[in-house]
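In the two complexes that follow, chain A is the common piece, with chain B as its partner first and chain C second.
Then we have the complex of A and B:
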């Protein structure tokens, strides 16, 4: 009896491993290949070995020293990515928080319509909106200006942020608002002293979401910006593909550097991100 | 749900004008964003697509026909495959083991890192001459591996796998959240009654998750229509423009300075997209 039970247990563990091992391989192979490429000398990157014979940090030295034609503006482009991501995060946070507060707590007239406007926007596939957005930015005279990318990213990020924040706001107890009103608080005081402090976890989640969305974006940057010194790193990486003799190992080293901050931020805020974002994505 | 919670308290009466004026002021930034960067571009885009001649030209383009088929395959096959795997994996990740926690941490990586480096990394793996996959195939079989991205069927399939690789973690998390909200007593009771694993899934898990599963499928279809990166960065739409989907074709026309065609190709997709959007709006804005 006892043996039978443990046999069953072993079989369950084996079945779990049979799922777990392929999942890890499937997930990690492209990431590990990226890493392997980044630490391999130029001609050794594709040998098919699991670990390079002479791992090197030389590729990173090249990248940081901007010692290649494709990398002439590396630091500037890294800075652009950072500037665009931070600006998108802050502006989105402002736009979404004020809107969610007005709709959910102040019950502004027409709030429901605004929420529906945001939701419809959320359902426009980003690559479809990109076509008229390009023309729009041209009409506004913003092409080749980093603000065009920031504004486009705010447009794409804010609907989801408003939605998530509204869901979270609706759960705050009304007694807080009532009490603040009775004490004679103004709407702004209610916003700063009651609402924002209570919403911090959700604000962290949506701010990070918008920031990462902008940092990771490729298509809009590729369409809206073209001057090398304006490009975010994502677009600069895509440009490596233009030539046949591209230095792949440098591209992978740059890609690795570019992928690190979002991964670090994601894991640092994992607690907020997973619960904050998955909760709003699909209402069950 | 949330709406019900809000109603349970006593919502404030639409009181003084000051409060409503503040509400208007605070909602204004988003309205400005919406008018200038959503309503204007969309209306302008539709206006650009008004010429019937654009559609004649579009339908005469053999690439468009191929693209429509590719998009259909991409949205139907990739999304359903992805969600079926996500449903299965949500069961795997709901098990409590120390090592499954580590697997979960790693599993989230594709979603946490930007697309470009990982897609380009995959693209290099698939390089027919010096990519690691064909190097291994040659070492093992002494034969040359296939020219992966030069075969339209293989290339489109690989794009779909790339798409699944990137977005599987997100949907697994969503379905995992749904699965975790099922009370464990139900499973315990079923175990006492001697239910098999399949019966537990069939009679407990699925009935409480099918709504979420359907919503996820539709939402993922909408998002997948907009997936530019998985196709463009892996295949570039090639070989010979045979692996385009609508997302990349619109951008291709745009880059060729044929914005009317680009908008027309999007307008053609609207009859398929709007029912999805309508259904999602009804579900989410209840």
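Then we have the complex of A and C:
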């Protein structure tokens, strides 16, 4: 009896490994490749070895020292990426939180319509909207301005964030609002003193989502911005491939650096990410 | 402290009318319990008084001032919710002081008021804890503390004890009652539990389907229920009711039900031959020792120590008898029931109204 049970457990374990190992390999091999390139000297990068004979940090020195034509604005572009991502995260958070609060807690008229429209936006892939967005930004004279990318990313991130936050808000007990109203709270006080503190996990999750979305964005950055000093690093990385003899090892080193902040952020907030994004997914 | 007055209050949700013109007054310092089965409109009525529901028709006034259009916060009321509704991210101290903070009271006043309320409710050692670290009874006391700190004109309680276990409920019942006797603040208390209503209220308002069935002190309702609904709602176990025909012949009156005659007092508003509902409380029947009375077959004997509850059948109609002390009666035994005429209740069969 006991053996049968443990056999079953082993079998489940084996099945999980059977799925897990390929998934890990699938995701990690490119990352390992990236890392391998980044620590290889230029002429040894494509040698096909699992570990370079003379691993070096010289590539990173080149990157940090901006010692290559493609890397002339590395720090500026990293700063652009950071600024765009943080601004997108904060603005999206503001838009989505206030919208969710108004719809879920204040029950404003038309709230349902807003939610339905937010849902409809999912049917349209972001890439479809790239050209119309370009036209719109041109109309407002925002091309070649980092705000155009920020506004575009806020537009893309907001519907999903509103949806997630609305679902999470709906789970807060209604009596809390009523108690606060009787205690004398205005809607704004209710928002700041009761609603926001209780929503922190969801807010962190949603803010991080918007931030990473903007950090990783390529297409819109490529379209809306063209001055080298305005570009986010993602677009600048793409420009490495403009020439025939791309400095692969520098591209990979820069890419590796670029991938670290999202990993760090995700690791720091993973507790919130899981609970925050699933909160409201199912009614408990 | 204040008086409260409901005048012809109506409430509609969409097209459905759930409160049909309710009027009654609560005097200063009174403890009034609204009681009734779920869906009777008692909570809605309370929430209209609290300003959490719009008033469709009629007027509610506090101290003679109509409050229909005032915000909750301007009505000078405090409410205790069934789910406690404590702010989970604030300590007990901050929960209790929240309303004062919103009113920008000085720290000195807030500390004093919170301290006073805490000592009344024995919450001093818990002031720096969070709601999640408290037991159900403690949370309920904090919710009451939050209400006391406000020093409102009227306390509102919405089924505050329903989430507590039976033993704690009895203890909190006494605590709320004691609190009221100490503070003498006008209180409106909603419950579906008639025992809570009976034990705590100065006056009870029995509601059913959006109307008031009867208003009175607990013992008035118990001794002279105005209609069949109140008769069966108030009292536990509930009143035995059977259908029968009223007989009034030569100054003697009784109710004929199947093969038995049930004694009744004098009924001025009734006539001979009228179909009636006859009610008698389980505690108002005795087992006859003389072998006279109404024959009944014992089905179940439930000893509870001080009392014994008997489920019996009279002409296939189940009835409950509660007797003090103990009995030798066994299931399937035949017993005889004695009922005194003064303790009987007779209601019109169609209108359900009391007939004396």
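The working rule: the second predicted complex is superposed on the first by the 254 of 284 C-alpha atoms of A that agree within 3 Å, B and C clash if a C-alpha of one lies under 4 Å from a C-alpha of the other, contacts with A are read in each partner's own complex, and residues count from 1 in each chain.
Here, contacts are C-beta pairs under 8 Å (C-beta built on N, C-alpha and C of every residue); 3 or more make two chains touch, one makes a residue touch a chain.
For clarity, every value in this text was computed on a predicted model and none was experimentally measured.
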Clash or fit: chain B and chain C on chain A? fit
Is A:83 in contact with chain B, with chain C, with both, or with neither (first, second, both, neither)? neither
When the two structures are overlaid on chain A, which partner does A:118 contact: first (chain B), second (chain C), both, or neither? first
Looking at A:178, would you say it contacts chain B, chain C, both, or neither? Reply first, second, both or neither. both
Touched partner set for A:28, first chain B, second chain C, both or neither: first
Just checking: does A:108 make contact with chain B only, chain C only, both, or neither of them? Give me first, second, both or neither. first
Just chain B (first), just chain C (second), both, or neither: which does A:136 touch? first
Taking the superposition on A as described, I'd like to know which of chain B and chain C A:198 touches: first, second, both or neither. second
Roughly what angle, nearest 10 degrees, sits at the C-alpha centre of chain A between those of chain B and chain C? 90
A:189 in the overlay: touching chain B, chain C, both, or neither? Say first, second, both or neither. second
In Å, how small is the closest CA gap from chain B to chain C once the two complexes are overlaid? 5
Both chain B and chain C contact which residues of chain A? 173, 175, 178, 181
Using the touch rule from the top, collect the residues of chain C that touch chain A in their complex. 50-52, 71-73, 77-79, 81-83, 85-89, 98-99, 102-103, 146, 150
Would you tell me which residues of chain A are touching chain C in their complex? 173, 175-176, 178-185, 189, 193-194, 197-198
Of all residues in chain A, which touch chain B in the complex? 16, 19-20, 23-24, 26-31, 33-34, 37, 46-48, 94-96, 98-99, 101-104, 106-112, 114-121, 123-136, 139-140, 151-152, 154-155, 158, 162-163, 166-167, 170-171, 173-175, 177-178, 181, 186-188, 191, 215-216, 218-219, 223, 234, 237-238, 240-241, 248, 251-252, 255-256, 258-259, 262-263, 266-267, 270, 274, 278-279, 281-284
Complex interface listing, chain B residues touching chain A: 1-3, 5-6, 9-12, 14-15, 18-20, 22-27, 29-31, 33-34, 36-38, 40-42, 44-45, 48, 88-89, 92, 95, 97, 99-100, 103, 105-110, 112-122, 124-125, 127, 130-132, 135-136, 139, 165, 169-170, 173-174, 177-178, 181, 211-212, 215-216, 219, 222-223, 225-229, 232-233, 236, 246-248, 250-251, 254, 259, 262-263, 266, 269, 273, 276-277, 280-281, 283-285
